[in-house]
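Okay, got some structures for you below.
Both complexes shown next keep chain A, but they swap its partner, so chain B is in the first and chain C is in the second.
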Partner chain A sequence: MEKRLLPSQRLSIAAPVVSTLVALLISAIPIYGGGVNPLIGYAELLHGALGDKLALTETFVMFAPLLLCGLSVALAFTCKFWNIGAEGQLYCGALFASFFAVYATSVPSFIAIPVMLVVGFLGGAGWAIIPAILKVKLKVDDVVTTLLGNWVMTYAVAAILFGPWKDPVTGWPESPVISSTTKFPILIPGSRFHLGIVLALLVAVAFYVIIRKTKLGFELLGIGGSQTASYPAGINVSRDFIFAAFLSGGIAGLAGVGQLAGILFHMTTDISPGFGYTGVVIAMVGGLSPIGVVLASLLMAIVVQGTQAMHRATGVPWALAETIQGIILLCLLVGVFFTKYRLRRGA
Partner chain B sequence: MDAPQWVVEMKGIVKTFPGVLANDNITFQLRRGEIHALLGENGAGKTTLMNVLYGLYRPDKGEIRVNGKPVSFSSPHDAIALRIGMIHQHFMLVQAMDVLENIVLGLKSNKVVVDKVSAAKRISELSGTYGMKVDPHSYIWQLSVGEQQRVEILKAVYREAEILILDEPTAVLTPSETKDLFRILHKMKEEGKSIVYISHKLDEVMEISDRISVLRQGRAVSDIPKTETSKLELARMMVGRDVVFRLSKSSTKTGQPILEVSEVYALNDMKANALNKVSFLVREGEILGVAGVSGNGQRELADIIMGIRKVTSGRVTICGVDVTNDSPRARAELGVGFIPEDRVGVGLVMRLPILNNAIMKRYRDFSRGPLLDYHAASEYAARIIKEFDVKTPDMHYPTKTLSGGNLQKLILARELAMGPCLLVASQPTRGLDVGATEEIRSKLLEERSSGRGVLLISEDLDEILSLSDRIAVLFEGEIMGIVEAENARLEDIGMMMAGSKRMGA
Partner chain C sequence: MTVRMATPLIYGTIGETFTERAGVLNLGIEGMMLMGASVGFLVGYQSGSLWLGMGAAVLTGVLLGLIMAFLTVSVGAQQHVAGLGLTIACSGLSFYIYRVWVSDVGGVAPHMRPFTTIPIPYLSQIPILGDVLFNQYALVYIGLILVPISAFILFRTRFGLSLRAVGENPDAAATAGINVFQTRYVCLVVAGVLSAVGGAWLSLAEAGMFLPGLTQGRGWVCIALVVFANWSPMKVLAGAVLFGGIDALQLSLQGVGWNIPYQLFLMLPYVLTILVLIAVSRRARAPAALLLSYKRED
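== the complex of A and B ==
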């Protein structure tokens, strides 16, 4: 096995397609084992994800948080900030946003929504710069701190929701419903296609501009490529690193705001089923590039939405739906690997 | 036959690495109970030869006999079985284990449970015999460098080594630790052990050894008893060159001081002293060469000038501005060009496009607010790539697709195109082919004639001699002397490089 000098152009297009096909082939085995004809299963999958207006809009509802988490991680990884903490940052962003949104009843929408976005962004950003500062100042391993931060934050959220914010009537661990002025407008009537989905796409555009068009992006690419070469060239590595963490955490925080203001309308302990972790895989599969991350999160949204529909329509177990998601992600990662390396026989 | 008096005989050893002839038909003989020094500059082939003896490298050609019997080693295990031990320059100890565990680690005689009681007993016996004070129960990370070295030696004698190879053992030691080491080595010699002592330091070699073999550029130059030679003769053999070619150098007028380093002290990565009271000046229109065997503070010197490493005391002034401990950014803004010794690690971001590397020092000049004008930057990059003749099909290719010479030319293009007032060039031609070497040297001379100051740090003595106006010699972090290149004597430089002479500035 050897590293390719240049990642193959042809393969970087072919690999995800082939990987998905291979994944579907492999997944056919457990589906068949589950007593369902795999072809029928896959037809249900496609139909459930793309078949009608409801399916399509729901896929986009799933797409938004996946995209934001993927972008969050991709931005961090660009400068080798190993942020595995998008999940915690998402929760922190949603929590901060809900502090504002629940009590912002008398603020008009055109003020309340931007303020909520800023507050949510700052929440996620604040949670992300702590590990970044620890890394820069004390060289504390960022994989460990960001990962552990997820647990600290999800439990902190739980503490608040089981404590002061517990619903006084039902006793559920849920915050009060947010002010109607802070709810994202629905853009396609009769669906849950909300403003947050468009905002997520705008963040993807912003990500592209930052990485490809700005000084900061140039510096982050340099730092990611080699810190030891970037510092002597006059790049302020520590400052950029912390700023990248700030942006990365903020984007994850926006994913939390989207779930809060677009879908759930109150803070709960399960506002994310692990978007932050899936974001790591999406960022890797997408090769840290804006377009790659958009495509990877779209594919993932289709798979998640589709497998859920397959589960409902054919009765394959829910666990099987999640298994298929895992198989597809795994195959995609292997596919990425083959665009960078080639196999050679013999020594 | 008196053959058995040789414990080691290496005959006609040839070892090549891609593009380098490291050992060229070397013959080396070691007597029982002697301390035999291997003297030579960097890259003379000393360590390679001993790695061959220790089974780390297989020779391409040649014969090795140990105690008269021909041997062929496939790994250090075979060498250890024949009671050969080697103490490398970089210790191979497990930091989180204690002394005893490190010593018994990997022994074949280990059972499932290590018999620590008898091992501890034997270690203290051995350390008593050779006067090596080490507590078997201290952890490695608690020990000083000198003590760690003792652990390495103990490790070897615990394995009953009769032949001991020490690779630049004093490079990391303080003077008093060196004294202790010499005492230990004498003791071992008395016990009948044979020792190979690799060094480039003349004083030490004259003090400790019985016989001295000098290697130069992969060849054995001599093998003589210490009593029959002198430091001066050894220095000549070590650096001796048939021809020193000098590039035609126009004489230029030197002007204002560009770089002033005064009484600088700095630490290396191990937090040991790397620079001791270093002071010198570089003026407009001159090349100051810094000669010396690498590892004597060259890297740290370049680092403190570029602001990559902090000085512990002293001052660095560039173009009249005190920049001591300022960031590399401050240097970039003053216009200091830097050709680092580690091209691929410090000089370039190999993963990124050639374009990004070409503008790495100037990208701020192409900005409009937070945005970077890639169009203008690309035009600039294309211009300097052409001007400096960097051969590349496309500047959007990853930098790692360039060859070694072109990588260096890319760095040169980037650093010189910004019109630096000072250029710090560290090992600028190391590993390059003749053509690229010539091009780079003439660029350095061009900088000089257009009135810039150049600091040339190089372990290639020919390069220093042919390019410099003045030559400073660095040894163990100190400037041993600064001489005019015109009337510098090779022996003097050799003696200073080996730490045996000081000359007034």
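== the complex of A and C ==
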């Protein structure tokens, strides 16, 4: 075992691909254990995610929140803000957006949708800067606070939906339906391919510009590299760190807005099945780079959407999607190791 | 009630204290607890023996501890990410195993008679205190005994000294002839076993059944408790009892039937954990080498 002088460029690209394949190979064991031929299972997965127009548009429906959560986490991790709280920030963003969207009945769409996006962004951002400020001012561990924040926020949302917002007729824990002027337009007729998917891609472009073309992005990379070296270099570490948290949480909040205004149309307690956690997997598999995150989100969307199809076709439990995601991440960590080291023959 | 609710926290937090003292943050703890609960209950139910189930949970913990150690120690992966990955995979897998199995046994959530309490003769007769401390489950006794034993190992034995050295300054420890890799492996396997047993306690003693997400984020609370306890086993006991108490309080408040959404009570332990972390942030001093991977050749 010997350290490479520089991480191998070729292997850096190969690592996520090979890791994913190995992870799918390992995941064949539980699929087989569930009484399904893994080959048939994976065929159903691919067919269900990419097989026809409906499957494809549904994969993109899944892609939007995953991409936003992946970008949110990637931005945070770039400056070593260990934000595991995208899930809670997503909920907070959706909650804030729904406060506005439910009551915005008389506001025309071209005003209502931008305002809703801003409100949702601020909701997620507000929830994210609390742990960032605690980290900067009091050195409170950000991993723990962002994680616990997810629980606090999901229970807060549940308390509102089971309490003041409980549907008076059905008793379901869901908010009233949002104003039709705040619903995202459908871009491909006969599907659920909504405006939010395009917006998510625009955020990815904005992420690229921020990280690669602006002073802030340069400084964030610096902070991620070495905080101690960033101070004498004249970087205001605290300010940049909190601003990155603001953006990171805001992007996660937008993921919540997209689910609210593009898919569900009312606030529910299960607006996200764990997109925020998958965001961590995506950010790592994508190597924190904009293009990498887009590709990793597409991969995860295929896995999640395809596993649903596999579940419907073969009865394999739906929890398989989460299992595969976790295994992909673990395999990737081993894969990354081989981009930094090589086996020395005959040593 | 309080002591019972504190038990999984004691197991998990003691395990986490060991790994963090040796310089490894184990975010896989939530996943380890879930897998322990799931596999422990499955084996316990199928074999009809609760202790066999517990044994299976121990083995699961060993395996998961080894995986975590391989990733963070041998491969040198980022500790947060490795732990989180392990938790995601385990939380999915524990649910998956359960679903496959439930559909096999007819679709009804299986339930088995859980562990019962073992009153200690004479001592359990003491009013109030006797029932709280000496009429408990075997695993509660073991957990309570574990606390001073862990403190002793950590602060009074040669292994404990090596372990703390590894967590503070692995290079110096290695120079002094301590095997850094091996020490961290041992700690992670111990933590894996303790977390899995803590999880299995929930399914085999507390609930008598397994439910997806049975741990309700207790693993994360353990990670916060380690900071609360300032990386010291004896203080872990105080922290775990305090949080077990809040959990018990939260349950009984739910029963009172106030016109307040009960989710606010469920939120309580997490809000309090954050507040406590803020309160102790001034005096908290983590092991110096926490989160740093150690490489032999550098």
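Heads up, the rule we're going with is that the second predicted complex is superposed on the first by the 324 of 347 C-alpha atoms of A that agree within 3 Å, B and C clash if a C-alpha of one lies under 4 Å from a C-alpha of the other, contacts with A are read in each partner's own complex, and residues count from 1 in each chain.
The rule is short, and it goes like this: contacts are C-beta pairs under 8 Å (C-beta built on N, C-alpha and C of every residue); 3 or more make two chains touch, one makes a residue touch a chain.
What you see is a predicted model; the values in this text were computed from it and never measured.
Contacts of A:T105 after superposition on the shared chain: neither chain B nor chain C is touched. Ranked by how many residues of chain A each touches, chain B and chain C are led by C. Of the two partner chains placed around the shared chain by superposition, chain C is the only one that A:A321 touches, whereas chain B remains out of contact. With both structures placed on the common chain, the touch criterion links A:S180 to neither chain B nor chain C.
Looking at the shared chain after the overlay, A:S230 reaches chain B, while chain C stays out of its contact range.
After overlaying the two complexes on the shared chain, residue contacts for A:L330 are found with chain C alone; chain B is out of touch. Once chain A of one complex is fitted onto chain A of the other, the partner contacts of A:I84 are limited to chain C, with no touch recorded for chain B.
Once the two complexes are overlaid on the shared chain, A:Y155 sits against chain C while remaining clear of chain B. On the chain A side of its complex with chain C, the touching residues are 3, 30, 33-35, 82, 84, 134, 138-141, 143-145, 147-149, 151-152, 155-156, 158-160, 162-163, 277, 280-281, 284, 315, 317-327, 329-330, 333-334, 336-337. Across the complex, chain C meets chain A through its residues 25, 27, 31, 67, 71, 75-78, 80-82, 84-93, 95-97, 99-100, 103, 212, 217, 220-221, 223-224, 227, 260-264, 266-267, 270-271, 273-274, 277-278, 281-282, 284, 297. Considering their complex, residues 306, 308, 327-329, 331-333, 338, 340, 342, 345-352, 356, 360-361, 363-364, 367, 370-372, 374, 397-398, 400-401 of chain B touch chain A. On chain A, the positions that touch chain B within their shared complex are 5-6, 213-218, 221-222, 225-226, 228-236.
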